[in-house]
Amino acid sequence: MTARVGVVTFPGSLDDGDAARAVRVAGAQPVALWHDDADLKGVDAVILPGGFSYGDYLRCGAIARFAPVMAELIPAAESGSLPVLGICNGFQILCESHLLPGALTRNRSLHFINRQQRVRIESAGTAWTGGYSSGQEILVVLKSGEGNYVAAPETLDDLERTGRVVARYEGGAPNGSQREIAGISNEHGNVVGLMPHPEHAVDELTGPSADGLGFFTSVLAHATASAPVPAGPG
Amino acid sequence: MPDAPHLDTVATAETTPDTPLPYAELGMADDEYTRVREILGRRPTSAELAIYSVMWSEHCSYKSSKVHLRQFGEKAPQSDALLVGIGENAGVVDVGDGYAVTFKIESHNHPSYVEPHQGAATGVGGIVRDILTMGARPVAVLDALRFGPADAPDTRRVLPGVVSGISFYGNCLGLPNIGGELGFDAGYAANPLVNALCVGVMRHEDVKLAQAPGPGNKVVLFGATTGPDGIGGASVLASASFDDESHAKRPSVQVGDPFLEKLLIECSLELFREGLVVGIQDLGAAGVSCSTTELAAGGTGGMRIDLDRVPLRDSRLTPEEILMSESQERMMAIVEPDRLDAFMATCARWNILATEIGEVTDITAEEEKRGGRLVMSWHGETIVDLPPRTASDEGPVYHRPYSRPADQDALRENDPLRLRRPETDDELRDQVLRVLSAPGVCDPRWVTEQYDHYVRGNTVLATPDDGGMVRISEDTGRGVALATDGNGRYTRLDPYTGTQAGYAEAFRNVAATGARPLAVTNCLNFGSPEDPGVMWQFAESTRGLADACEVLGTPVTGGNVSFYNQTGETAIHPTPVIGVLGVIDDVTTRLRSSFSPDLDGAKIYLLGE
Amino acid sequence: MARVVVDVMLKPEILDPQGQAILGACDRLGFEGISDVRQGKRFEMEVDGEVDDARLEELRQLAATVLANPVIEDFELRVE
Amino acid sequence: MARVVVDVMLKPEILDPQGQAILGACDRLGFEGISDVRQGKRFEMEVDGEVDDARLEELRQLAATVLANPVIEDFELRVE
């Protein structure tokens, strides 16, 4: 049986269809999860997709954090058992939920940025990057208005020391992110937040490359390798 | 609450024929007002006047352009592809494999000058709802923009606001921006052009129309609450007929909520899928006035509306203001009574407010002859009782006088051949660099980088390619391509040929992607129709487009006219923006505008004269 | 050196989708008894020298052109 | 019915690009003598009933979890 990867749709999610497609292209089975259902449907991993959950009116991700589905997701992610990838708005939600440290703020230019972006994978030790080699450069899509990663200096040092900087922008951070950080993970390596969009780079017809596919094949390999994980208490 | 004695009911109107109404302030001509009185056989109530004044406005009735736009139908080339033609919210084109595509371009020029960010944002929102209303899922947008000189102080205010508005609204909706235009000319100072195009996809059988059949069916308003947005005009009416000072000042600015619109899109598509809607209309410029009269006119002709039930954001709104409000993100649906609960449940799932505000009624043969019967009540009193077709379909039609401007010859004679040619290599180099660095020619990345191109994962071509292309079926690889073009300078010099040049450029841009051009939409941005010179430009321009469409075999499926684009007395360059839609059977065969690095050694040919 | 604070709020008749979204969130989170929320901006400016009437007028001018959009927003200015 | 105002500002050590942009605009427009600008948010909430200490604590909780992100922002709350 192949891995089942949940994709959460919040009101205002936009890249949920793209994330599901990337899961399919990688050979896994996408499972639609609804923000208002406190039910992860026993999936092997979860993607929080890009978009503007709840309009992002207050702060990006601030309201989505309190959705019923997150009440199930947060403990499973914290325990290290459930692989979770937050892309763009998903990354923001993970930070707002304190599953990842730091915060994402307005791009330094104050403008939304949509472009093809070179990114260096710094850590192949997570559930989502096992298929890459550390130091590998990939070409993906960056599209966000609040992608500027900030954290306290001690937090940044800690992230570097423990190898939790997952990806960095090549050629300088276009949004002003500290230490060119494009993605980070939690200490278990199961929760990854990423500002650029790998799901928009799974096919050269509609994206700049197919380099992003590795995130989805990695979690598939991870899920097949690990023993089946109980869905948590209850 | 408005004082009951001041309420202008139908009964009051019958007994007070001489009460003056501020029709002129609402932009209605004397003979138009006389015509309303004839239709009704009495003076209108202030609520009825509100309806007629917006429905018979240039914007809604096309009263000055209608006689010219007819050519698009009359000269239309025979096309099997056309499923729904001009007249509906947007035309629908068969693109094969059972798929249909609907697309349309619309202007939001004046609002974008007053409040660039919100004006441009709500421009995108409006055209997207037009496409949704046809039953289609919106899949991409394009934007054609014109500003004053790039270094003018006002451009610095307007351009960033317009771009951020389009970016904000389109990105939040999750619609890829796949192309457009950016132009600068002194003629657009204080009158920028903001034209937005949206394209949507559906199956043939899913086409929805604006009609209200079936007596007993419910009229449901859903989406945003109604507030005092964009009713500067209505305050004239409110204050003139009720002298209530709380209404003295109303904003003419509409504010958009793209998040709500995104929910409205998903909710509407689910309502369509579940078969819960028999007729639908978005609330555009003329709000409840437009949606009720058009739905009624397209159906039995009969409708009863209880205006008290319209959910309000500001409880002080008068019925006239409710009728004229331009609050965004609202739709009106006709729902069978036994489906109403299911309709409400779907809306609740998407957290969309939905309110039954009336029903479709039967009418007598006599009423049918008069143009149907639309009745509206307020606090139990009848304040509107009019034949809806007279408001929606039988507005005034003008044959405005037109004549070739006196300066046209002088303009034509001022030929570029008179300009000094570069004589040295340095001069030539300097000129080339000046052209390449001109704001309208150089890399538009500052603008286009603010637009999401990738969302939905079907964008095959976008900026910087000549035309945008989206895949519409992952199974078959079928796709559509779009481009918009228009050149105000050429059109000013020769409106007939200049318009054809814009069309030909858009046609070429689509053909260059590998797609087969199928259909045309257009946004005609002109000065005042009351100026015979402008009207001549308009007549020539529409004639040029209709003739060219006949020759190249693509029908015009819809569009939009924007008049009164002028700074003081000076009209803008006449600027028809033409959008061409093409189809491609397999998007993997698309062509890019750039030379591919793996074609090293290939030969380069120049085609054409 | 003085701190000048400018509060900018949408005019009451203008739709405030942000406030509405927050109100919705409060509801869902079970914070009851909040009947309206409006979101605006707050600017803190550090101004050199003394803020006399002329200077205040200048700052008010600044607020009206740079900080607030008078078409849709109202503002209040005060020295703290 | 009471109005509760919550002011949310970025922590001083966090870079505020919006404030910087405004400072730049002031310069360009020739407004002199402004040495710093910071942009934050202001929330106005209409709260039903009386705001006693318990209620205030609840609202502070709301501000700390929903209105402000304590990782990068500080807030102040007051009844007006």
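Letters A, B, C and D mark the chains in the order given here, with residues in each chain numbered from 1 onward.
Throughout what follows, a residue touches a chain if its C-beta (ideal position, glycine included) is under 8 Å from a C-beta of that chain, and two chains touch if they have at least 3 such contacts.
None of these values were measured; they are calculated from a predicted model.
S.K.: Indicate the lowest number of steps between chain B and chain C, counting one step per move to a touching chain.
M.R.: Contact-graph shortest path, chain B to chain C, evaluates to 1.
S.K.: When contacts are scored as defined above, which chain pair ends up with more C-beta pairs, A-B or A-D?
M.R.: More C-beta contacts join the chains of A-B.
S.K.: Can you work out the whole-Å distance between the CA centroids of chain C and chain D?
M.R.: It comes to 9 Å between the two C-alpha centres.
S.K.: Measure off the straight-line distance from the CA centroid of chain A to the CA centroid of chain B, and report it in whole Å.
M.R.: 38
S.K.: How many angstrom lie between the centres of chain A and chain D, each centre taken as the mean Cα position?
M.R.: Here chain A and chain D have centroids separated by 29 Å.
S.K.: Using the touch rule from the top of the page, what residues of chain B touch 2 or more other chains?
M.R.: In chain B, 257, 259-260, 351 touch at least two other chains.
S.K.: Send over the residues of chain C in touch with two or more other chains.
M.R.: 17, 21-22, 24-25, 29, 39 - these are the residues of chain C that touch more than one other chain.
S.K.: What residues in chain A touch two or more of the other chains?
M.R.: Within chain A, residues 54-55, 57-58, 63, 66 contact more than one other chain.
S.K.: Judged by the touch rule stated earlier, which pairs of chains are there in contact?
M.R.: Once each pair is checked, the touching ones are A-B, A-C, A-D, B-C, C-D.
S.K.: Could you list, by residue number, the parts of chain D that touch chain C in their complex?
M.R.: Residues in contact with chain C: 1, 7-9, 19, 22, 25-26, 29, 31, 33-49, 58, 62, 65-67.
S.K.: What residues of chain A sit close enough to touch chain B in their complex?
M.R.: 11-12, 14-15, 17-18, 21, 50-52, 54-57, 111-115, 141, 143, 145, 197, 199-200, 205-207
S.K.: With touch defined as at the start, can you tell me which chain B residues reach chain C in the complex?
M.R.: Listed in rising order, the residues of chain B that touch chain C are 114-115, 118, 224, 227-229, 250-251, 253, 255, 257, 259-260, 313-314, 327-328, 351.
S.K.: In the complex formed with chain C, which residues of chain A make contact?
M.R.: Against chain C, the touching part of chain A is residues 54-55, 57-58, 63, 66.
S.K.: Which residues of chain A touch chain D in the complex?
M.R.: It is residues 58-59, 62-63, 66, 95-96, 101-103, 105-110, 148, 150-152, 176 of chain A that touch chain D.
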